[in-house]
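Same chain, two partners: subunit A is paired with subunit B first, then with subunit C.
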Partner chain A sequence: MAVEMEVPTQTTPEVGGMGHSVKRKEDPRFIRGAGRYIDDVVLPGMLWLDIVRSPYAHATIKGIDASAALKIPGVLAVITGADLEKAGLHWMPTLANDKQMVLPTDTVMYQSQEVAAVVATDRYTAADGVAAVVVDYEPLPVIVDPFKAMEAGAQVLRPDREDRPNNHIWHWESGDRDATDRALESAAVRVSQRMHIPRIHVASIETCGCIADWDAIRGQMTLHMTSQAPHAIRTVLALVSGLPEHNIRVKTYDIGGGFGGKVPVYPGYVLAVVASLTVGKPVKWIEDRSENLQADSFARDYHIHAEMGATADGRITSLKVRTLADHGYTDAAADPSKFPAGLFNVITGSYDFPDAFVEVDGVYTNKPPGGVAYRCSFRVTEAVHAIERMVDILAHQIGKDPAQLRMENFIQPEQFPYKTPTGWEYDSGDYGKALKLAMEMIGYDDLRREQAEKRERGQLMGIGISSFTEIVGAGPSHQFDILGLKMFDSCEIRVHPTGKVLARIGVQTQGQGHETTFAQIIAEELGFPVADIKIEYGDTDTAPYGLGTYASRSTPVAGAATAMASRKIREKARHLAAHLLEANPDDLEWTNGKFSVKGSPDRSKTIQEIAFAAYTNHPQGMEAGLEAVDYYDPPNLTFPFGSYICVVDIERSTGEIKIRRFVAVDDCGNIINPMIVNGQIHGGLTMGLAPALYEQITYDENGNNLAGTFMDYLLPTAVETPAWELGKTITPSPHHPIGAKGVGESATVGAPPAIANAVVDALWHLGVRNIDIPITPPKVWAILQEKGVAT
Partner chain B sequence: MQFSGKVDIKAPREKVFAFVTDPQQVGQCGPGVESIEVIDETHFKARAKVGVGFIRAKFVMDMELVEAVAPERAVIRARGQAPGSAVDATGTMTLSQGADAGATVMDWQADLTISGTIASLGGRMIEGTANKLIGQAFDCIRSRLEG
Partner chain C sequence: MDTQHVTVTVNGEAREADVEPRLLLVHLLRDVFGLTGTHIGCDTSNCGACTVHIDGESAKSCTLLALQVDGRRIKTIEGMASGADLHPLQQGFWDQHGLQCGFCTPGMIMQAAWMLERNPQPSEEEIREGISGNLCRCTGYVNIVKAIQQAAGMLSEADTAKAEAAAQVQG
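And then the complex of A and B:
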């Protein structure tokens, strides 16, 4: 259910520019089952690769015996770390400038780590070959707990990193430690809380996979794959393999969910490339579900200690946060290189206070590498959870309504651009307006009255708020790069003579609807109908260079490039129109897809007429054609925000949490397609519900991943998902060409603390201050038992 | 995982000790054992088929009699692998004179580490299954000695 809000439009529905709920160009193929995913691709002579994985979380490899596997008819090759070592390919760099094994030569570091690869004529034979490879392991002690990894005398997990003794990868801090300490010491009220944001998995329905196709005659490597960042993959592959970059083509297909998990380079990709180079045929590798859940990069796993200072009446003065980040055996986080803890220092949130200090320490353990930005734009989910929980704890502690306390601490609209104590400059916002709308939509005051009455009768009902600020659109090149590649993005537009448009973008779509929304940006800027515009992406031989789709950066960065490229075309069109109308370019004005002479609106040329002239009647001295390229380097990040309110009822006999209502008011700046934005928010809210109540990767004391199937790794289905109620405010970004901010991750970031706050709100009067997510029925039931209120 | 128990066996200690230190005999009582291959006096190899829930795996186990103090104590260590899974186990048996003449009390402890696919996918069922299989193994030892 959505509150229909008037989204301003400047174009007709037929043109379908910004603000129109244009139906998605992608959907005809998806709803007909005609999408094409990597596993649908079959090449002539294609072989299969499957991977031998370690049963141990930490062990020495004493030997690998492939003889039985090689005797199986159809098994062609078994690749080991020793084979790769000869070519120097047994290690590869991670996106965080650490090192990751492609295959181990002597030690395995986590359960399900790749140990060897089998190449065979079909998928089943490859699996039989995997079962026949005998690996002789000598188990080593396992470190699962990051706090134990940091203890003096703990076993050093990465002896190869002499620069990183004691399993400590890095220390990162932001803000003013001394000023924050002083502010906390002098604060009338101080609240502190430990919380764990557990390790979770992106769990995209399509697992990872690729086909490496080496054409020895042409010297061409084509990597067909499912990736959120094909150009970055091409460059990394060129650097790792030594193949010339112009002879590498990375090509993506429809993507069955990315969410950050398809940004990193996994060993399977390198193995498929090595196998294809070795045998000279296409080699396909597709993960199965358990491999995907156990071995791919995870997200989160932050152990946070937060302390907040405030005046007696609840004006926040200071925040200090200490965090241990469990990165597994290598730091493979897909964070910008200057930000090892991502944008975690956006942790001051939507609130105006002077002093903050944040520190994060990264730690090695015997777990898979990570962590990826799982729909969280670089650690913002962890930050938002911490600040929104702390604000609620403060409110409850001093007996003030959490909505009122937020209203009194919000950064006010006139304070933007607002400089935070950790150095960010928020572009725009009206936080009070969004919270007020959410409170009206849900009937906040009535709910508080109902809660008080129910509490009298012993019923447990809670109301939770989350007034989050996101930080997306990475990013400005002076601050943002991954492996040195600056985080600009790009668009190339060609207008054909008949007024049809081909545009290629540097970002990948994996469900966001780029084929539609990027066409709408061009429609808005140039007046071509959306139906006449084709958007292409995901083929590095044709698309302009871009850093890919993650961290809600497509619209803020590539969307801006698309608007800027359109404006370059419009400027050339002005000169063409001036030629056609025999007028001075400065005397023309642009309205509704045409240039007309000021004061003589009937003397005009449509963009289609101008496009035709660009190829048939261009003036002497002007280049023919009508095309433009833009590489956009954003001047700042964008800061979408919102206020969510969740109402829960807790079943006293079972500890079950029922989400009765959930209102989500989002502000993502100017809106390109309201229907797609609503869809993004629906999906994002469900992905926020998941870690709040269900998802967690757990390990036993030997490092075994206990969440290797969807039986044990719980994802919410339609049954668990409440009916989301959406509302909107629009506060444009002042620095973005079309005033848009990005929305893909807002709901995933904002939802978990609203749910957690609602559950704690229901139980605070019993003495409950915090429950770590996921808040499962057994956790709640144990609390109800302990407090003597279970029935 | 640690398990322990006590079995009363109506057989003299020397006979029980001889049984549990003879690979061919004690091996027959191992869970799912299909074949035993004796390598030397203290080493043998066992092939066993074990299932946890819906997962079934064929293990190749290297067994070693690491301690044998006749007739009171024997320790067997086992390490084995199935595709994607591994087991490390130590079983300690302490034999004492039973209440009746010619009877033996066997106190046993088993320390079991399961790794890989079986631990990961069978996680919730492992402890119950392991407990059951170990219990069956010691019941087997008793019934063979008493039979």
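And then the complex of A and C:
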């Protein structure tokens, strides 16, 4: 049963400001099949690019013979690493200040790596060309295990990095090691656990692609593409190519899902740019699903060892975490520059304890590069999984109910703003309230009684809790940048004379509904109806500079910019109204989209009347027009939170896990559009279910990808996905202009440990402490066999 | 490569083209006819973004050759609305927030339309089973199920109204 919470509103439904479930403005085109995605775009004279990829995970390239390909009618060019090397374009910088091959000159480092590019007149001929390119490989030994990569004497995978004598990329740590060690040594109870958060892929249903269009006469490069961060792409392209930035236009279209996978620059984009520069025509590159799963940036792949200390009655005192991070052959993680392991040190979670220490070591292996988010804010999912598993292990170990143990260790509402032992300052929270609501919704006490009865009869039922705290909205410029670009964001608003509004934002929607929710922020602040407000984004020639949409940063950063730009307009509108009403600006008050004279509500001017005056009757000495721009540099991050409870039944004859119920109580601060918030949580939960039970990219010992298509990489369908039950609490962010925190990723972060905890809870009495995700039926069945309880 | 002639009816309109025998139906629709509402999300018939109707049957157009539909009737998402009037499924997806990025939506609507023709009053379980060949990465399916339920209700009301009108005429 979902609990529908009354979300407060200040505006009428016709205006549609915050709190209204306004139907989405973008939907009429999508439901008619009139959306426009990158592969729908066709430019005159457009050519096609397709990519030759390596069948080996590690090999020397002894030669590339393109002669047969070039004989195919319609194949116009074959581009190799040697060609790029002449222009110095065979390597490109990664977002993590490492470097990545665009095309190799001598060695391939992972299976499906780009080896050559074929340019042809259409997509089928380009594929023919790819099939006809002959590459002579000499296989090299492969390292797929990051622990083996770290062994003394291991083959050095990146000899080009003279600053790195082995496969160790970096070491990063946070917190107080000595104090944590002392606290652990003196702890009455110590629990420790190894866990692997496996390599997964965002697998947005639309793959990646672009059209590079070089206009030699105008000296203009237009890159039409699928990107979550078009401005950053423009600047990087300017720096790498030497093209002047004002002559580069990056333009996105409707984007068929992002989830972090459309943040990086992939070699295919660069190859299309090079091809267009070479042939002087538009060149389209669209990857297929196999390329997407096998070569695009992965997520996760953290090998974690966690140790937790507590008092005898379960008061947590300390946490120490060591992690090996498998980055593949180059560090292409999409993390802020100062945070090579992202925000992993938010790992102390929702709990109040004094000592913590976290260290992470990055490692090279023969796998594709990446380290994108999979719908989360910079490694927060890995952190939440570890802390929520550890709390459950502690509770079970000392025989205390996991809900009770959480309640006793939560940071209390009066402790906010709360400084964590690893240095973050949480803005606001009421963790006990969220968990209490979740427990009421699911009937926790009854479930525990039912579980005890079933256990007597040998039936396996588990209840799992996850009380997560997220860290989103990167971020304050003193801490956050990507390649030096500070992580502010922006909004520009133009009010037209007839009271209609055009607003442009620095973030990019991939399905979140920005055309609706950002209009609602303006409607709330200025009183224009949502129907009168158009939101644009994704064209770097027109949108103000911003760092893009990922890490749940749109609402926390660009949403704040939108509110602040609106308030600048409202302040100018006050002066215009004062002029129209012949009153002192300080004597005016703002209500319901109009300024009126205090004490004389009849003397008023609506925002629409004021907008008209801004162009037809502005006072002498004031600039005409009604526009504003805001670049918002957030003072802090925001910390959404929630409590999830999952109930599972395990089939003893097959190891199948059935999610009977899943209750999700979220708190994302103030809510702009309840319908969209719930939709984000439904989707996030499903992308939490996916790695918990189904998705994993694995490799054999030769580095062959074993999950390279949707036949093997299992996205949840409607059948496996439970009917999610949602609840809400609202704890506004005190530092955000509209009190919002961001919500797109909370559920992906919070859901996996709730599911894993439920499965382990069902099996703990058999001696099971942990099962690494994805918890598949074969894994569970093997455990049931081993414990002698399979039927 | 040699081409062959293919003639089809798409959304009620006669269309023809000379195509390579290897051309996939989805590319005939998208690249030759410019009907880009039908999408491509995988190479393995798993995702269903390319779902269309062929002679009234739901089919994944990425796994058929253009030549295989020679002489047949095809319906795509572009053929679902009648002018300004949305199909009840389109209305349901909009009303119930049954879509986010919109990429799976056309295939989802085409599959749901076929399912409702065969089973006008499906249970939730039947709906979930019925769209299990269509992957959505954004919505978690909850609101897609609601959208299809709303459409089923609208279609059933429309049928009842039609039957009553017919009865009146006869009476």
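Just so it is clear, the second predicted complex is superposed on the first by the 790 of 791 C-alpha atoms of A that agree within 3 Å, B and C clash if a C-alpha of one lies under 4 Å from a C-alpha of the other, contacts with A are read in each partner's own complex, and residues count from 1 in each chain.
Keep in mind that, in the parts below, contacts are C-beta pairs under 8 Å (C-beta built on N, C-alpha and C of every residue); 3 or more make two chains touch, one makes a residue touch a chain.
The structure displayed is predicted, hence computed values, not measured ones.
> Would you check which partner chain A:Gln111 touches, where first means subunit B only, second means subunit C only, and both and neither mean what they say?
Only subunit B; A:Gln111 stays clear of subunit C.
> Looking at A:Asp587 after the superposition, I want to know if it touches subunit B, subunit C, both of them or none. Which is it: first, second, both, neither?
neither
> Per the overlay, which chain contacts more subunit A residues, subunit B or subunit C?
C
> For A:Gly708, decide between first (touching subunit B), second (touching subunit C), both and neither.
first
> State whether A:Ser290 touches subunit B only (first), subunit C only (second), both chains, or neither.
both
> After lining up the shared chain so the two structures overlap, which partner does A:Pro139 touch, if you call subunit B first and subunit C second: first, second, both or neither?
first
> Go through the superposed model and pick first if A:Phe259 touches only subunit B, second if only subunit C, both, or neither.
second
> In the overlay, answer first, second, both or neither for which of subunit B and subunit C A:Ala723 touches.
second
> Who does A:Pro55 touch here: subunit B (first), subunit C (second), both, or neither?
first
> Looking at the overlay, what does A:Glu408 touch: subunit B (first), subunit C (second), both, or neither?
neither
> Taking the contacts subunit A makes with subunit B in one complex and with subunit C in the other, which residues are shared?
290, 709
> What residues of subunit A sit close enough to touch subunit B in their complex?
Interface residues on subunit A, with respect to subunit B: 53-57, 111-112, 130-132, 134-135, 137, 139, 290, 294, 700, 702-706, 708-709, 712.
> Name, in rising order, each residue of subunit C that touches subunit A in their complex.
20, 22-23, 27, 30-31, 35-44, 46-47, 49, 76-78, 80-81, 86, 90, 93-95, 97, 99-106, 109, 124, 127-129, 131-145
> Please name which positions on subunit A make contact with subunit C in the complex.
23-24, 26-37, 39-40, 42, 123-124, 202-207, 254-257, 259, 288-290, 510-513, 675-676, 678-680, 682-687, 709-711, 715, 717-719, 721, 723-724
> How about subunit B: which of its residues touch subunit A in the complex?
My answer: residues 81, 83-86, 88, 113-117, 119-121, 123-124.
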